[in-house]
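A single structure is presented below for examination.
Every chain is named by a letter (A, B, C and D) in the order it is written, and numbering of its residues begins at 1.
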Amino acid sequence: MKIIGLIIAVLTGALLIYGTVDFPGWADPASPASTHLSPHFIEKTMEETSVPNIVTAVLADYRSYDTMFETTVIFSGGVVCFILLRIFRRKEPEDRLYRHVLTGATIRVKEGGKIPPDSDDFERIDTLWTPHDLIIKTVCRLLIPFIQLFGLYVIAHGHHSPGGGFQGGVILGASIMLLAISQDLRTAVQRMREKVDALLSPTGVFIYAGTGALCLLLGLNFMDYSALASVLYVDPVTARSHGILIVEIGVGVAVMATIIWIYNNLSSAGKYDEGL
Amino acid sequence: MQMLVAKYNYWIYITLMMIGLYAMIAKNNLVKKIVGMSIFQTAIILFYVSIGAKRGATIPIIEHGHGEGHGAGTHMVHAVDYINPLPHVLMLTAIVVAVATLGVALALAIRVYNRYNTLEEDEILAQIREK
Amino acid sequence: METITSIKPLLAVLASLLVVPILVTSTRVPNVREAWTFVAATVKFLIVLSMVPTVLKGTEIVYTVAEVIPGLAIKFRVDTFGMLFALVSSSLWIVTSAYSIGYMRGLKEHSQTRYFCYFAICLSATVGVAFSANLLTLYLFYEMLSLATYPLVVHHQDPEARKSGRKYLLYILGTSIAFVLPAMLISYNLAGTLEFAKQGFLAGTASKPLIVVLLILLVFGFAKVAIMPFHSWLPAAMVAPTPVSALLHAVAVVKVGAFSILRMITGVFGTNLLLDLHLGTLVCYAAAFTVIVASLIALTQDELKRRLAFSTIGQLSYIILGIALLSPKGMIGGMTHIAMHAFGKITLFFCAGAIAVATGKKYISQMVGIGKRMPVTMIAFFIGSLSVIGLPPCGGFISKWYLVLGTLEADQMLMLFVLLGSSLLNAAYFLPIVYKAFFCTPEESMFENKVQEAPPWCVVPLVLTALLSIVLFFYPQPFLELARMAVEGLLGG
Amino acid sequence: MSEQYPALLVVVPLLSALVICVAGWVNKRLCFPIAVAALGVAAYSCIGLLLRVLDEGVIVYKLGGWDPPMGIAYYVDHLNGLVLSVVSVVALLNLIASKKSIDQEFPDKIGPFYTLYVLMVTGLLGIVVTGDAFNLYVLLEIAALTGYGLLAMGEDRAPLAALNYLYMGTIGACFYLLGVGYLYIVTGSLNMVDIAKILPSLYQSKAVLGAFIILMVGVWLKMAFFPLHAWLPNAYTYAPSAASSLIAPLVTKVMIYVMIRFILTVFTPEFAFNILAVSDSIVWLAVIAIVMGAILALAERNLKKMLTYIVIAEVGYMVGGAWLGNRAGMTGAILHIVNDALMTLCVFLVAGNIVYKLKGYAFDDLKGLYRKMPFTMTAFTVGVLSMIGVPPTCGFFSKWYLILGAIRAEHWFFMGALLFSSLVNAVLFFRIIEIAFFEPFTDHHAHGHDHQPEPIDEAPLSMVVPLWIVAAALVIVGIYTSDIVTKIIQFAIPEGIL
């Protein structure tokens, strides 16, 4: 297999390199890629969508249809992970570990053993991930709100600076994951219930696709945000700009929820009790 | 030689891709294959992004004051000043696809591990053959 | 030639097809089921019969069902030759239905509904083949027949029957897919049509080697005619219940093969083309070889039905031989032989079945002295033998007479000797059976006194067909006339 | 509303998939009706669109109102109109037929299952309708990801098979993406029609050649063209019935469509058939694919796995037909997309019914099935006849065109391979029919030895009725071949191909 793999890789590589012979040079301003479509995008974006960040404009308007499906891709990734891994009939692990908060002592409860009363004195900890670190916990707890705030900023400011729904959504998702890593999965799931993930994820995509469908209902083509002008009481170009913002929010919501959803399922292998 | 210098970037990406491809075909461990897959996809992303490069141009975000007022004309935007935005857009999409694929691949690997208690392909095949 | 459009050919095909659901629903009431079979058979026969006057006037009846491929339709055309074949098969269906009832109930066979259903489908397909206007339609019904016969062959469901069924499908379906289908497409590609024409549609479109290839593909592709080396399915198929062997493997199925080859020679290649290229002889030799070898093998068979099967193989090749002579008399002989052999051979099979029902015996060596116990059956058997051998006063004589004339007309002395020699062989494998049945000494007789004739449902049909064989000697006009008109039409008067 | 059909056929299933996902958490019983309604609307739009195309010719739909090549546009012509209709109708029928088996196999994950199902159909429809090369990649990945999920839900070995499929599928999609990238570098465009306009001046470019090869290999990987087929048999065999009867008829066919689309629209027949001298070798590959598929199928003693090898052989039919480079062959390939989708659906639905009732699909499980499940098996017989290519079922007619194409191209081995595969199909299926028809039924779980007459234990009506519709369609489509060819396919093939 190794030799076959090597041969295939070398052959494919040779073919690809052979193809590059006729490429225009790297970063050549006269290459077809830079002269065919991109000048239009660069020069007309402001005029047509009034969004200074051309990438955002192309992403969420000119090629918004692509982007809608890209959101759908991540959504379906989430659903696939869920359907493959999620185990509803939960089996409690045989051993459970509890930590006495005041002393830091760890107690192991065998199967069938008496479970400590639900109080602030004892907290349940993962069997595999037991270290307890006050510094990490505290720092993370302090950091998370700022991370989330930054995530919101990235979503909202995508029109003017690098950023947008994906980036912001991922940052928001990462904040919850950080919680899961620094505390444990149960804490993170308590903050963001499974059902919330599962509902926000399609909702985000729905905001996106629904905006497009709204344009369709308003009489123009699917995803033609200028149709929103009549609803938003602005001129068509500004309507495009607003439309982009709406779908970016949708993307952000979808990506955040889905990333968390995927993480929860993967890290706990679908059991939602313990995990990284 | 001229040609080599002008296109070395593509060659590097192609080499990277082939490393990934080789790992996908030749590695025995299912997770290593997934790693190979990620390398492959990332190399393609690099490949695309490099298409967008343009000598003497900056990121495709129009500075304030340029082109405002719907092309009033005082500060025209020139295409040569900004790099090509399209490959970036495409690769944002491709990244997301790669993430989703990675997630699904890992989920499948977990299922496989639960079933066979190993991720080495030959051991799994041996178990299947035993039955 | 005049043509009129009429839906009758389609109705004739559908008559037996539409009765199938009724048969299925009346599984629990055998009498009703059989009554419906009769109704369908009669209706079918009447529809076919009602077209006879038109056809005799020289008019063709045309009906297009659907254009399935641009320029190529599922289409019926009733001409004299097709009419001849349809008449034979639809009339014999009525007789066989009656016989089937006696046979199936006599032996208490299982799955009788299935049996009658597939029988009806087979008849639809047979008439469909007879009325096909182009090669595509013919192929369609040919395949339908192949598939509908399969459950009948495997009726007994035991390993032997299933083995035979497999063999049957392999030969029949295999040759039609591997030979006929490509030949059909190549012809279509050459000529742009598949419509049967008076002098064929291939003339002037292809080189000689290609024509030879096509001829071989098409002649051997219709393996139902059992030209050697594609014959061994027929003896194997004898595991089927006897009425199936009688109607299908002596009349419908095998003659569909012969009919198809006649259509190929006349409608696809055209006699002139074959004469010009001297290709008739090629087919002649293949047929002659089969005639002789099959007769020789028949001599060695002890199981009655297998002997009949090999006899059928030989007789089918008579038909091919007659047509391949490409002379008017020979062609008339070949076409008439379809009818004459049908009546003779079906009688023989009915007799074999009647013996099986009455005594359970299958082997010729066990039939010594049977004539004393079952005189009616054995006399019918004798008449059938005479017809197949080709002796007066039986119908078989007429067709063989024309075949012999044909060899003279075509100046094929070798073929003449083949025909005569094979007639002698026919006599050699049939007459001893009759002799031993009647004229053996009592101590050799193998039968108890209690053995009686088979039930009337069995005996009446076989007497009927035996009588018809004789009647056809004196009044061969319907078939002879149709054949003559067909040949005149083909050879341009 | 009819001018919005192109958008509706993708958007309605997409939005419904989201609604189903939510409904799965609220009330599981809502999922099925929503899915049926969504696919019903999609099928209605697809057929309406096809009818419009028949009237008006190519329909261009600009998404977002942007002119191509700036924005993404749909180009709906006769080819994708036809394939769209087939995909949507097959998906709808299979959905209805599979309800019971979905309820049986995944009682607690109905919502996500339907979500994935509808998303997958969205992806497939999107692939067919789009006119943008990159957009096609994204939709390809949607169809692929949901497909991995659906396939992996099956028994025992399914996750491993799906994981292997994922590796191969990802390589395929990446190759496709690379090919598009190569084209983008030299043309600067992603719109298929726009690329086709720019390409003629670049026919000699090595980059275009590289793009072509890498693209084709990617697409072949996805359609399991021999020798890139290794992932397919296991993935389809161990999959749940509902998934295998959706994916087996559609995914390979849609990929064939993509291949034909790239030959006809993007690279143009001129480049593919005349400038590149590869048609002959590809047809040879197809010959090997057909023969190997047939031989491998012969070796199987398991209904579903046997069917998967037949799928591989059928892929060879279509690839070969498309690459014969003449009109008849191309017609055959396109017609076979339609016919094979229906045939494969028919036999896989039968397999689904059998699994539903018997929980097994090895040959030994099939004994006496004709008596036990007469309706299912009758439909099976029709499907089988179509697979063998017996007129008047539709399988015969596509084979007709394929063979005709082979004759016109004088590629006798391709003709031989087609005939060989028909014969092998006959052997394969009559082996099954013999077992199912003539062997007595044996119940593995039977208690006691009382020999009561076997009760007829047919699959529920909701499974049998769609199956019969499909079986009837096999014959009806066969009879209307002429109309399909003269009214639709004829216009789908550029006039340059003779």
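Remarks
Just so it is clear, a residue touches a chain if its C-beta (ideal position, glycine included) is under 8 Å from a C-beta of that chain, and two chains touch if they have at least 3 such contacts.
Because the structure is predicted, anything quoted here is derived from the model rather than measured.
More C-beta pairs in contact connect the chains of A-D than those of the other pair, out of B-D and A-D.
Legend note: the chain whose CA centroid lies nearest the centroid of all displayed protein CA atoms is D. The greatest centre-to-centre gap from chain B, using C-alpha centroids, is found for C. One simple way to say how far apart two chains are is to compare their mean CA positions; for chain A and chain C this gives 75 Å. Centroid to centroid, with C-alpha atoms defining each point, chain B and chain D lie 29 Å apart. Chain B and chain C, compared by their mean Cα positions, are separated by 71 Å. In whole angstrom, the spacing between the mean C-alpha positions of chain A and chain D is 32. The multi-chain contact residues of chain C, meaning those touching 2 or more other chains, do not exist; every residue touches at most one other chain. Taken residue by residue, chain D touches two or more other chains at 134, 138, 141, 145, 148-149, 152, 159, 178, 184-185, 190, whereas all remaining positions touch fewer. Listed for chain B are residues 17, 21, 24, 51, 86-87, 90, 93, 97, 100-101, 104, 108, 111, each touching two or more other chains. Those residues of chain C whose C-beta lies close enough to touch chain D in the complex are 66-70, 72, 74, 136, 139-140, 143-144, 147, 150-151, 154, 157, 162, 165-166, 169-170, 173-174, 177-178, 181-182, 185-186, 188-189.
Against chain D, in their complex, chain A makes its touches with residues 12, 15-16, 18-24, 31-38, 40-41, 61-66, 68-70, 72-73, 75-77, 79-80, 82-84, 86, 88, 195, 198-199, 201-203, 205-206, 209-210, 212-213, 216, 220-226. The touching residues of chain A, when paired with chain B in their complex, are 1-2, 4-6, 8-10, 12-13, 16-17, 20-21, 23, 25-29, 31, 33-34, 37-39, 41-43, 45-47, 50, 52-55, 58-59, 63, 66-67, 70-71, 73-74, 76-78, 80-81, 84-85, 160-162, 166, 237, 255, 262, 265-266, 269-270. Of all the residues in chain B, the ones that touch chain A in their complex are 3, 6-11, 14-15, 17-19, 21-22, 24-26, 28, 50-57, 59-64, 66-68, 70-71, 76-90, 92-93, 95-97, 99-101, 103-104, 106-108, 110-111, 114. Touching chain D in their complex are the following residues of chain B: 17, 21, 24, 30, 33, 37, 40-41, 44, 47-48, 51, 86-87, 90, 93-94, 97, 100-101, 104-105, 108-109, 111-112, 115-116, 124, 128.
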